[in-house]
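Right after this note come the structures.
In the two complexes below, subunit A is the common chain; its partner is subunit B in one and subunit C in the other.
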Partner chain A sequence: MRHITVFLTCLLCQFAHAEVEATSVDFHSQTLTIALTQEPPQLNSAKATDQVSGLVLGHLMQGLVRYDRRGNVIPGVAERWEMTETTATFWLRKDAKWSDGKPVTAHDFVFAWQRVADPKTASQYAFILSPIKNAAEINEGKLPVTELGVLALDDRTLQVTLARPTAYFVKLTVFNTFYPIRQDFFESRGDQYAADAKDLLYNGPFKMTEWTHSASLKMIKNEHYWDRENISLNAINVDYITADTRARLNLYTDGKIAFTRLDGETYKDALSQRFRIRRFTTGSTFYLEYNHRPGKPTANLNLRKAIQYIFDPDEMVNRVLATPGNLRGESLFPVWLNGVNDKFRREYPAPQAGYNVKEAKRYLELAVNEIGPIPPLVLLVSDSPTATKQGEYMQGVLLNKLGIELKIDVQTFKQRLAKMTSGEFDIVGAGWGPDFDDILTFGDLLASWNMNNRGRYNNPEYDRLVRLTMNSTDPKTRMDAMGKAQQILFDDAVVLPQYEQGVIYLLHPKIKGVARRVIGPDPDFTYAKIVP
Partner chain B sequence: MLAYTLKRLIAGVITVWFIATATFIAMHQVPGDPLMNDKAVSAEIRANLEAKYGLDKPVTEQYFIFLGNMLTGDFGISFTQQNRKVNDIIRDHFPVSATLGLLAIFFAATGGVLWGALTAVYRNRLPDIIIMFLVILGISVPSFVFAALGQLFLVNLNSLAGQSIIPVAGWGTFSHMLMPSMVLGLGTMALLTRLMRSSMLEIVNEDYIKTARAKGLSPTRIFFRHQLRNAILPVITVLGPQIAAITTGGFVVELVFAIPGLGRYFVQAVQQLDYTVIMGTTVFYGAFLVLMVIIVDILYGFIDPRVRLS
Partner chain C sequence: MSLFEPTSADFEPLPRQEKTEQITRPSLSYWQDAWVRLKKNTRAIISLGIIILLALFTLIGPLLWSVNPALQNLNQVSQAPSWAKSAVIIAPYQDWDGIRLEGYTSPNQIASAVPAPTGFAMADTPTTQRVRLIWDQTPGADGYNVYRNNRAPRDFNDLGLPLGSTYGNELSYEDRLSLEPRAYYYSLVPTDGYDEYEVYSQLILTPVLAITPDEAVERGLVTDPSEVNIGDDITIEFHPFGTDYLGRDMLARLMEGARVSLFIGIVAPFLFVLVGIIYGGFAGYFGGQLDGLLMRFAEFVVALPFLLFMILFKIAFGIGPGESGIMPMLLALILLSWPSTARLVRGQVLQIREEGYIEAARLLGAKDHYLILRHIIPNTMGVILVTLTFAVPSAIFTEAFLSFIGMGVAPPTPSWGSMCNEGVKTMLSHPHELIFPAVFISITVLAFNLLGDGLTEALDSKMRSRD
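Right, the complex of A and B next:
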């Protein structure tokens, strides 16, 4: 009886005794098995908006250019290109093919981009086309789609007419919204396009052969892919789809999946099992956004300054978030953004308030003189455990140091978005991830015309700097402008940067060459291989 | 009997209509916007999306359109998976939940009847106390705890064995179903055990048991022929709704064991305000529940003639 009890106790205790042989990586067949956190909601590249769809599409499709393992832009379907102030011309390679063997032509890009701009498609990413001539007008229904400034000069030459000089246009075309779509195939599928594995045509390194919704999908090497010699993996199997991080850790421990992201809870378990924990900075910035609408207490500059001086980013990163990989929030612009010759943040260091209670109290006094006693402020946060924890931390800081009461309003995703849009908050916990590899992906966020500027910050000088950056191709002019914008963000305490997001994850040691990316599909297994 | 069945069916249809209407009203009262996403969109795109999903019309008109479509069995297209029909979602994922649920019900029913009878026989003795303690645990501990423990058990079992004996998660073979169905059936098993116990105890004091004992039947024969058979009636009553509840999926169990069932859609649709999926799954689940209740009612009439008379 005692032996049985001991045996049963062992079965429930944390420490694994022997290693289960991993089936998640197979050297001989070069097969990799992973899990996804959710079913890809949309594999139509013209409409996809979420990360999971982006991850899957990134392995199945290829745009004009692509990223190498280190994140540099290298030729994709286009073998070379040429930029002027008003045009961008791409010459497509001869051997780029769809998974049915037919060549990828310039017409496929024209068709795809017209679909994105077409208001009938209702693509949420239509705005990303805005550097192309007439894109915005077409999307507003003022011009027909045929007026889009993109032209197939012949099967292998694509000419783009720009709406304004766009320094980063080539980098933009890495993004999934710019992937090609072949007209005849698209039309043959109608509403069903991208609904199943057979309803999609592939031009990337892999093609999807099976897709059981919410259960599994299988991607195998595309034999028509032009650069197939450099692809080692024969298959990527997604055998599990679950949002439960603990379940995924269990699958990893059991050798069933080769990659999983950890959170604050599973981090400790992974540590106790002595797994090698890797970290990666996602490139997203998290910050508190103030409501600048007139009449709101947070529209007062001195109140915002008071909170700025009382916030300690080190404490946020080390004590509140308390998982490795997060960086101090010092600026809206994350550290990875490129400047003129070096990283932007090295060339234009972000001004810091530093933790200073005295200064904070001085600002608070000024604020009280201007708007009277500070009423309780509403902090709107999402319903994730981390967001709530951060909210409670801010609540404590504001109450103890400044005597300001903070009410936390926890809302589910859609409800939070609705309240953000209608302005029912004083402060909201927000985050922003980059869409393309240029500082503008963060810079224009607080421009007065940007719909994602939920706090309705409105500063003509800031707008002028953003416009300057949009319309100039000179790196120095652009970065100087964004440097000034960064200073305004600090002086005006427009938002309160909290941290740059880091993630921790487990990756089977037999896999090499997995790229983690700030922009584009992440993680990217395209160049991965399994070693014996 | 025919009139009785017909009456129940008509009442059932009215119930489903009521469920659909109440859900429709409640859903539109929930704050938030089903079309809103991370990226803000222009007014034009928004108008196009509204037109696509018919949200540009007044709510009453939307309701009648929905009713009309429901009668033809069409629930529209999902908001979150924009190229999948709600009907396809139900068709693809309900069989998974149903398979898992039926297995869970099998575990729950056999376990519940067995343990319940056992506790009644050993009333107030050690087996009774132990089982009833476990029953209280089964009822009060939420299923996500059992799901997590069950999965951890499998991880460590495989690790002790050095190979995968039972899969930790996933779907496909019978061994995939074992642990999740047991976890899923646990609550029902506990419920049925209690029900069975009290119903057994009631019957022990009935006159016909005394008669059986007096005429010298063996205790085994009394137990199987007279006690068990009569005590099982209330169990069958609750089994109907329980089958409906379990076969439409356990959200937590499906999440933890990565099972592509309908339960996940049912819950996530509400979180994401996926109007069409909310309506589709609720009406489907509601109709299924009503149907199970009717079937039980009719079965009851066969088993116990007294029901038919009233």
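Right, the complex of A and C next:
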């Protein structure tokens, strides 16, 4: 009998043990387990460009200002700030500290921003510093980094000299490129900076204690963080790194992770398992970009107009994407952008072509008169299942309704980018997520000088409007200019807006206070707490 | 007892008889005999029947079922196989402003709790084109979230799909998200403009299947929009095998896919078996050093990786993005698959050329070409036929596999393999999109394999004496 008892007890311990392990949220220790879609590629804030690094960095570091859950700018390391036409001054809080206990000073920001501007750093986001005086010249190697228009007046006062009046400069500093870096620590690590958990210094609400590359990482509460009283979570464990949505859904079902995004297929399983599904609009716009290079059939306005009139964004959103949360694409500028007093899109409604076969055929006839029979067009798409499905949908629409043949060129993300840059396409499926909270993050996308203008659209009037918006601080002037730009985008059928992306996701019901946001780390667990 | 007394008559020769022995079986040629034995093999005959049916399906099918396999119908996406359905003609979609409160101001402070919304109802008859929902203002709320579920929610965490949100002044919502004629459970949750209050109201409704006159013309149901009136019933097109993820008819796609699959499946083996016969025949007949050399080369070809060559040919052919990879696939199959046939034929030829009757024929002065054509090839025919029938399913499978990984046909042309590839993504929600092409591949491959088995038995001359 005794053997059996022992055996049973062991079995019970195992079960008990398994249960502790399997909880993705734990109320008593206030820990949370999540999965990342990939290993953070770059945790050096001066060089990070991707979303996963942004998400991790957003929990580990803090810039001058930050967003609250509802998208308002609130103080971060800076306690208050002041803007004039030519300068921005930030006063840093006294209790902001690094994870080794030393205070965060204005010099740390000066050093970090100089690193970004330094051509030796080769930061892809160096352009975001362009409102700062001399930033562009330094990045081109024409001036030394010390000439950057950022000055630490004392340890706690940071003064920025602007290259041009920049209305949105304060909001810009939320972005991870503007996070501070401490010089002595950076130099002591050399090339190893941000390569491992111990090679990074943290000033945010959490600090990273373990980082097993490509497998897991662990963030615990930073005891030196100035607002530590308001942080409930003691630890965020990233136990899994996988991009496979189905694998992540299985982990969620097994109670191993507390958060996962759903796609067009996995949501049906989540629904049948009666999980609470949530919705979030990411603020990114997805559109088809035409190749405007001379000689390309898509350089013809009437052909682009024909496609504009035959495309039905309602069908795209409701029947092709068929997941909740996506908004129909009406403009390059998404609905959440702020205008003068209200949302931009309410003050300047986007002109709509509307689905109209007759009009489309009329434009197609004009196009054929101008450039002859339309040759088969190449549509470049990425290799995600939704992208190929959308491509096939467009192929069907153009073939069955206009008789235009479309060839689908499916490429991996990197390959697609290379082909976009070299112009090997007629139409390309593209998307743009905002970098900062201003209309310009979308507006300058089609300016002739922007490297992301892959179709090489070149319209001096459009460029003029973008410059006007860049150099003005008057909201009315700026929004009027962008309103006109929106009209040009429509009249010239420069791009074909398809949808504004929405995502659906699962979040453990015991977690409260998770912020989803359009700009900045998303999802943000900083102020999350686990309820019993 | 009497003694045998021979008479002269006993010494007369017997009359000459024409038939000295009776042959009990009709004389049969090799092929007739094989056919007799094949007929007795039920499995093989059923398989042969299936293959003939498949050929008819591919060649005659599109004439009888003249639906455009590339025609999309986004209103009939991923439909399971069903009988013809009836739909109501409705007016074209018009934007709906909904209900907006004039002079609305957000509550000054966030209420800690609000009551469940009242007056949650549909604004008009729900159709698959749109469902319009309205409700009364909930005091204290500054926004609403609308949910939709396919079955009755159990509790607050089981409301289903979060369709959308409205601001506090908007008391209506229009749902157009892939609506089907089935019961939906809508739920309405008030929010403070950001977070939800844990109360909800529910509404159950079933949209009617609807189609606009313009859509009816596009679908070829009527020739002119004036032929139908709003409110009429109309029978919409019938999809015996259902539709795929873009609403294309599965039956038409299976037929067109069969063309690609069977083209590769028949043409490629036929050509590479031919190459194999010639190559193996040469090596076997002439033997010696030439044989050694040729066979070493064949082994070298066996070692070449198929997929790599497939990709190389695709590039060498200048096959651009979005163009069909069928031709390089065919070439790669022919260039890399012949050695197995060559080896088999060589073995047979080596054996046959040492037979006595070959020696006899040679002594009688037969030339090489006579020997090859009259004696050697007919005697290897059995082996060749069997190889051919086994090569067909493997070629079909290769095509299916390559199309599955996206190296075969270019959309919108379907092949069974690419259809499986698309179907596997929706395996759990719409299994028919995977099952049909998969069943077609399986049945075809199985039928060719069983026929091959039957032919092996029927053509094996050693089996001849058994019955």
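A few comments on the model shown:
Note that the second predicted complex is superposed on the first by the 510 of 532 C-alpha atoms of A that agree within 3 Å, B and C clash if a C-alpha of one lies under 4 Å from a C-alpha of the other, contacts with A are read in each partner's own complex, and residues count from 1 in each chain.
Keep in mind that, in the parts below, a residue touches a chain if its C-beta (ideal position, glycine included) is under 8 Å from a C-beta of that chain, and two chains touch if they have at least 3 such contacts.
All values reported here derive from a predicted model rather than from experimental measurement.
With the C-alpha superposition on subunit A as described, subunit C and subunit B fit side by side in the combined arrangement. In the superposition on chain A, A:D244 makes contact with subunit B only, while subunit C stays out of contact range.
When the two complexes are overlaid on their common chain A, residue A:D26 makes contact with neither subunit B nor subunit C. The vertex angle at subunit A, taken between the C-alpha centres of subunit B and subunit C once both structures are aligned on chain A, is 50 degrees to the nearest 10.
Shared-chain residue A:V397: touches subunit C; no touch with subunit B.
With both complexes placed on chain A, subunit A has more residues touched by B than by the other of subunit B and subunit C. Of the two partner chains, neither subunit B nor subunit C is touched by A:E210. By the touch criterion defined above, A:K389 lies against subunit C but remains apart from subunit B after alignment on the C-alpha atoms of chain A. After superposing the two complexes on chain A, the shortest C-alpha to C-alpha distance between subunit B and subunit C comes to 10 Å. Residues of subunit A touching subunit C in their complex: 69-70, 265, 267-269, 271, 274-279, 314-315, 318-320, 322, 324-325, 378-380, 385, 388-389, 391-393, 395-397, 399-400, 406-411, 504, 509.
Residues of subunit B touching subunit A in their complex: 30-34, 36-42, 44-45, 48-49, 52, 77, 80-84, 89, 92-93, 96, 148-149, 151-164, 167-171, 255-261, 264-265, 271-273. Residue ranges of subunit C in contact with subunit A, taken from their complex: 68, 70-72, 74-75, 77, 93, 149-150, 154, 157-165, 176-178, 194, 245-246, 248, 320-323, 406, 410-412, 425-426, 428-429.
For subunit A in complex with subunit B, the touching residues are 10-13, 16-21, 23, 35, 39, 41-42, 44, 47, 49, 119-120, 122-127, 139-141, 191-195, 212-215, 239-244, 246-247, 250-251, 253-256, 412-415, 417-419, 421, 450-452, 454.
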